[in-house]
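Below: a set of structures, written as structure tokens.
Both of the next two complexes hold subunit A, though its partner changes from subunit B to subunit C.
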Partner chain A sequence: MRIGSYELKLEKRGTLSNWQAASISILAIIFALALFSIIFILAGINPLSAYREIFSFAFINPYGLPPTINRFIFLLFCTYAFIIPFRAGLWNIGMTGQLYAGALGAFAVLFAFGGKASLSADLSLEIVIPFMLIAAALGGAVPGAIAGFLKGKYNINEIVVTMLLNFIIFWLVSFMIKEGGPFMNPGGRGESFELPPSVYAPLINNVPFTIFIALGLAVLIYFLFAKTKIGYQIRAYGQNPAAAEYAGISPFKIPLLVFTLGGAIAGLAGYHYFAAVPGVYKIARNYGFFGDLAFYGIICGLISLGNPIAAIPVALLFGGLSVGGRYVQGKLSMSFGLDYALLGVLMITLVVFQFFYRYKIVFIKIGKERTDVGVLR
Partner chain B sequence: MKPPEEGQVQKGPLKGIKRGETVLEARGITKRFPGVVANDQIYFEIKAGEIHAVLGENGAGKTTLMNILFGLYQPDEGEIFIGGKSVKFRSPLDAIDMGIGMVHQHRKLIPAHTVIENIILGHPSAGKILNINRAGDEINELCERYGFHVDLKAKVWQLSEGEKQVVEILKTLYRGAEVLILDEPTSALTPIETEKLLTSIEAMSKDELAIVPFITHKLPIVLAISDRVTVLRRGKVTARLDTKDATEKSLAMEMVGREVIFRIERTRVERGKPILQVENLSALSDKGVLALSGVSFSISEGEIFGIAGISGNGQRELVEVIAGLRNPEEGKVILDEIDITFSSSLERWQRGMGYIPCDRIDVGSIGDFSLVENTTMNYYFDDNYSRYGIVDYKKLRKLTEEIVSEYGVATPSPDTQAKTLSGGNLQKLILARVLSRKPRLVIADLPTQGLDVGATEFVRNKLVEAKKGKAGVLLISEDLDEILSLSDWVAPVYEGKLMDIIPGEKVKREIVGAMMAGLHLEGEET
Partner chain C sequence: MWEFFVRSLDASTIFTLAALGELIGQRSGVLNVGIEGVMLFGATLGFIAAQSTGSYLLGFLVGIAIGGLLGLMHGFFSITLGVDQVVSGMGIWIMGFGLTTYIGNPYTGPLGMPRIPSILGLSPFFYLGIALVVITWFVLSKTSLGLRIRSVGENPSVAEVSGIDVAKTRYLCVTIGGMLMGLAGAVYSLDYNPVWNYNFLMGWGFIALALVFFSMWNPFILLSGSLLFGTLWQLSLNPQLVLPGVMSRYIWRMVPFAITLLVLLIMSTKWFRIKWGAAKPEALGQPYVKE
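Let's turn to the complex of A and B:
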């Protein structure tokens, strides 16, 4: 392409610095929001005021901010559950199942401590919550480990296995919490029994303590890949499995390890949403919603290129837009599904803009003895 | 290529150009990469019907120049002329349109597809109405004309390296290439395959195709078949001459800038304890057939044990079993008196194995990793380089700097990605990384492939040095000169069996050559 005496050219990038990646992503977000304004304009709404509503509700409003933060924490766990296998070149799309398995683990602990019997059961927070966290992680780790084992031992496609496990776990959850199930709600609403208030997760400024676990994981995972032996082995396996095997890295242990870790982290997402978010405190029955939300973990992981620190702002944005989008949909009485459409456009734009992670546009001043672009015949 | 049928019009740049006239000319080509000038004001020309060799040390810029001629890279400066007209390639598609074809240093075929599918894939008429039988006839005609033999219905993964090379060439010819660029076409080929290929190359050049084969280290081949030679050194053209005016010595001199000694002094080292004992080893290949049967030998401290053979005779399976990457069907592997037949490969590394694999791209290195991280491949498990599960990348960076300078790996920094290294420089990095561990047992599978004469000499001396340091060396090579000049024991291998084990000083070249072709075996069997 030519503009004046300049030529526009696409060129392959050598390396991409973190700052370059960040600025490309920010450009993509601005582009996506601009693109989505068409929807508002078509509905006769000023897009700028719509966005003001969305962002101020999601990030400032006292009713909007807490759900944003809770979804952000949830998404961050799901993102890390995706990222760890992803760095080993493997795809975990079973976060939904794993987080429900984690939730079952956490509620099994409550069940064992007699939490089902009565809401006024006086359980010791210091004892029960650590057990619930461990059980949630273990619960998520089990389906993860199954996928990892099958991949490592028999090279069975991990995408298929994690997806199929999602279905199995759905039915298992359903069995446990529906009428007659061991975890059923005495009221019989197709939900699990409720958490006794004595073991509600501690809140700091209305934010569940799980945020510290999530942010702590960011640092830990960053450190894991940047410095440790295990992190090196995972990355080597992810880049070139044959070379990794040559170097003595076990093609069995790595898939098993990454899926077990990923599943465990997804399990914590289950604990977070069903046992730590104020107002929930039970295994909810709207599976679909959590499935969709967990799915954005994949998108956040891909956009942040597997970098756990970069995943933080991305997850925050997605969490906020899902809350703010739903809000303006109601407030401006727009049609149903606005929030999903907004997230979808954002997701597609971010993925398309990843093209610029690999290519850059350069301007070349065309010299006097100009050479035509293309092939001269 | 000439029209397969009478009456068909020849298209492309060679139309009307007669033998001896310039087809392609590159003027003032400059290409810079971060930290290196890979091509520096290069002038290069090819004439119709000539075989033009491009020579140069590892990293001299040969592949870069060819990639520019093929449109893979855009030059920073300079111009390309075809048939006297200036052209600019935005991508290889433009180059292919102009009749330029390239066979890369590394194969790029789809293993699960058949030969014919690979050949027609990406052809302009593929996707439109495509008559596979007619395509087959046309390809067979090409084969006949140039003396290629390959089963069009075979799957690519079943082919030998030489056959794959033929498929790559057929693919470019079928697309109408009239200038054929071959980047190190013989480096992965057996001697017999090489000979066949060279005959075909000569047949093609008689058809007025211009050919640039590109043989860095095999100077005798250059002298035997090329018409002209262009020599590059550090990105610049240092010589352009008619092959008849050149000798092996003069070419080496132009390439390296100093005289190269082609001989290695043979040293005897006092033989020590046995390091590696292999007893009655049998193993299956990936295809599930017996590829190695009843192999026994032993290597002691201070010995180089050379396995001479054409690749595909069980060398790969033997090496992988010893390295712990393949389970044997039968037999034992003993390292330093410990049975390691079923130990993990990690344990073998820790016990002092040092393995130089023959596949440097897919097995020996990780392209997206930096050189430091590539060095880490053989050090992450070493307690001197990691502590409490944390890798000491600082120390590894220093180590990488040291081995890079010792082995002369041309690179701007140890933090560059391995995939930007030239083929030979990557090979040097792998050798350096493994040998720097001072292994007890060195397994060297085609250690000098793709290395220039200077680097080959250097690496062979390094193997001798390892032997002097009381290591045992298992050397796998197709190059008889390499085997004969280095080995204390020579074992010709044929169809998975060792034909004999002959002491180095008693070896006769002809006998080993015959055994590699399986001749001795026939008399013995039945």
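Let's turn to the complex of A and C:
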């Protein structure tokens, strides 16, 4: 393509430096937000003032900031659940089901300790919460392990499997909390029994302690991939499974391992949102909404290119955007689903930008003798 | 019982149309995991078009057109830009899921138009589905175009050398495939269950994707698979019609997904593969870059 006396040419990139990758990712986010302003314009709203509302509510407003942080923690768990298999070249889109399973695990512990029988049950925080965390991780790990096992042993497409499991577990939750299911609220509403206040998650400055688990995982996953042998094996498998197998890396163990780990982390996201966020403390009737939010984890994982440290600011941003989006939707009386629409626009922009991670546009000044050159690719 | 039978065939038709679209694309070597997104788009925009103009024809045309457009988009990402086909498909699915939730929300509720008349007691789309299966089989296995499509899906570099335009063939297949998926969505929202609701598909697209693997890329096996899963799906929605009082209705909703998993598992065992062979297009999922 030619513009004036310059030729526009696409060149294949070599390896991408961290800064280059980061700048492309930032560009992708800016581009998506610019694209998203079309939705505001179509609704007759000035996009600049809409974005000002979103950001000031999500990051400054004392009512908006706590939900942003809670959602940030949730998204970070979901992102890590996506990233670990992603580094092995596998797609975990089953965070939704895994987090439901985690929530069911955590509530099963409460059930066992008699938390359903009475809201005033005086349970010991130090004993019950660790059990709930372990059960949540195990609960999430089970569907993860199923997907990993089927991929490793029988090479069944992991996208199909994780998605089928999402639906299976979605209905399992309905069964457990509605129409006389074992976890149903004694009041008969179609939601789970509530957490006894004695086992509310400890808060630090109004933020659940799960934030330390999430940030700790960031460091652990970073070290897993940067320093350990197993991390190296996962990356090698991700780059070329056939070559990795040749080098003695088990094509069965790696998928099983990454999906089990990913599922366990997604399970913690389930604990976090249904048992640790102030004001929720139950598996709510609209639990499907929290499951849908988990898909932001895919976007965070892709934008941060699988880097667990880079995922932190990205998850914070998207947490804020989804909270602020919901807020302006109400404030500017827009149609429901603004946060869903944002999810869609971000995702498709990211697909386009996948191209720019591999190619760059260069301008070449055309000399007189080169006027015949004009290739796009 | 007759009612149940008819509804099962209606459900099967939607699976057939969507999975057939995916099969055509996969035969040319392009995997589109975004079927659910394309269906959601076709269903939602078709619903809106039909409701605001009062014309079914326009609704279906819009559904087909948006499906074709999304297929084309998937083609542009995965063929021209060389983006990973899974990434592009996931993008289309999540975009469909996100945007249709926002776009369709003001239209939540029933369509409010007279039902599409049936032919001999069955939906006209059932006959269309059967016809399309036969046509697809005929084109793929009996015509030179079909040979071209299959060779592009098996070995694009050899096809290119023998004078076939790989990119053009793949574009053709993903676009037609997208149109069929869009039509499947429109049939859902205009004929099968004419009520718009948030994320109403709840997994139809992903079952259709699994059906293509199940069919071993053969349109006739695909049709029988659709009939099986359509019946199963209908049974899971109305278990009381056949087995009243057995299991909670929520457990029934899990059944089609669980059986799909089981079928995929059986088909992937060594025993099955040796017995039946696998017809998977060799180049499926791999972008083709002309050297």
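What to note about this one:
Assume the second predicted complex is superposed on the first by the 358 of 377 C-alpha atoms of A that agree within 3 Å, B and C clash if a C-alpha of one lies under 4 Å from a C-alpha of the other, contacts with A are read in each partner's own complex, and residues count from 1 in each chain.
By our rule, a residue touches a chain if its C-beta (ideal position, glycine included) is under 8 Å from a C-beta of that chain, and two chains touch if they have at least 3 such contacts.
Since this is a predicted model, take the numbers as computed values, not measurements.
Aligning the two structures on subunit A places subunit B and subunit C in clashing positions.
Contact with neither subunit B nor subunit C is seen for A:N18 once the two complexes are overlaid on the shared chain. By the touch criterion defined above, A:W91 reaches subunit C but does not reach subunit B. Once the two complexes are overlaid on the shared chain, A:N46 sits clear of subunit B and of subunit C alike. After overlaying the two complexes on the shared chain, residue contacts for A:N206 are found with neither subunit B nor subunit C.
Once the two complexes are overlaid on the shared chain, A:N155 sits against subunit C while remaining clear of subunit B. Judged by the touch definition given at the top, the superposed model places A:V352 against subunit C, while subunit B stays out of reach.
Between subunit B and subunit C, the partner in contact with more residues of subunit A is C. By the touch criterion defined above, A:S124 reaches neither subunit B nor subunit C.
Contacts of subunit A with subunit B, set against its contacts with subunit C after fitting on chain A, share not one residue.
Note for the complex: subunit A touches subunit B at residues 11, 14-15, 227-230, 232-233, 235-236, 239-240, 242-250, 371-377. Here subunit C touches subunit A in the complex through residues 33, 77, 81-84, 86-88, 90-92, 94-99, 101-103, 105-106, 198-199, 202-203, 206-207, 209-210, 213, 248-251, 253-254, 257-258, 260-261, 264-265, 268-269, going by the rule given at the top. If you check the complex, the residues on subunit B that touch subunit A are 33-34, 74, 79, 85-90, 94, 97-98, 323-325, 344-349, 355, 357, 362-369, 373, 376-378, 380-381, 386, 389-391, 393, 417, 420. Contact residues of subunit A toward subunit C in the complex are 39, 91, 93, 150, 154-157, 159-161, 163-165, 167-168, 171-172, 174-175, 178-179, 181, 288, 292, 295, 298-299, 302, 335-338, 340-345, 347-348, 350-352, 354-355, 358.
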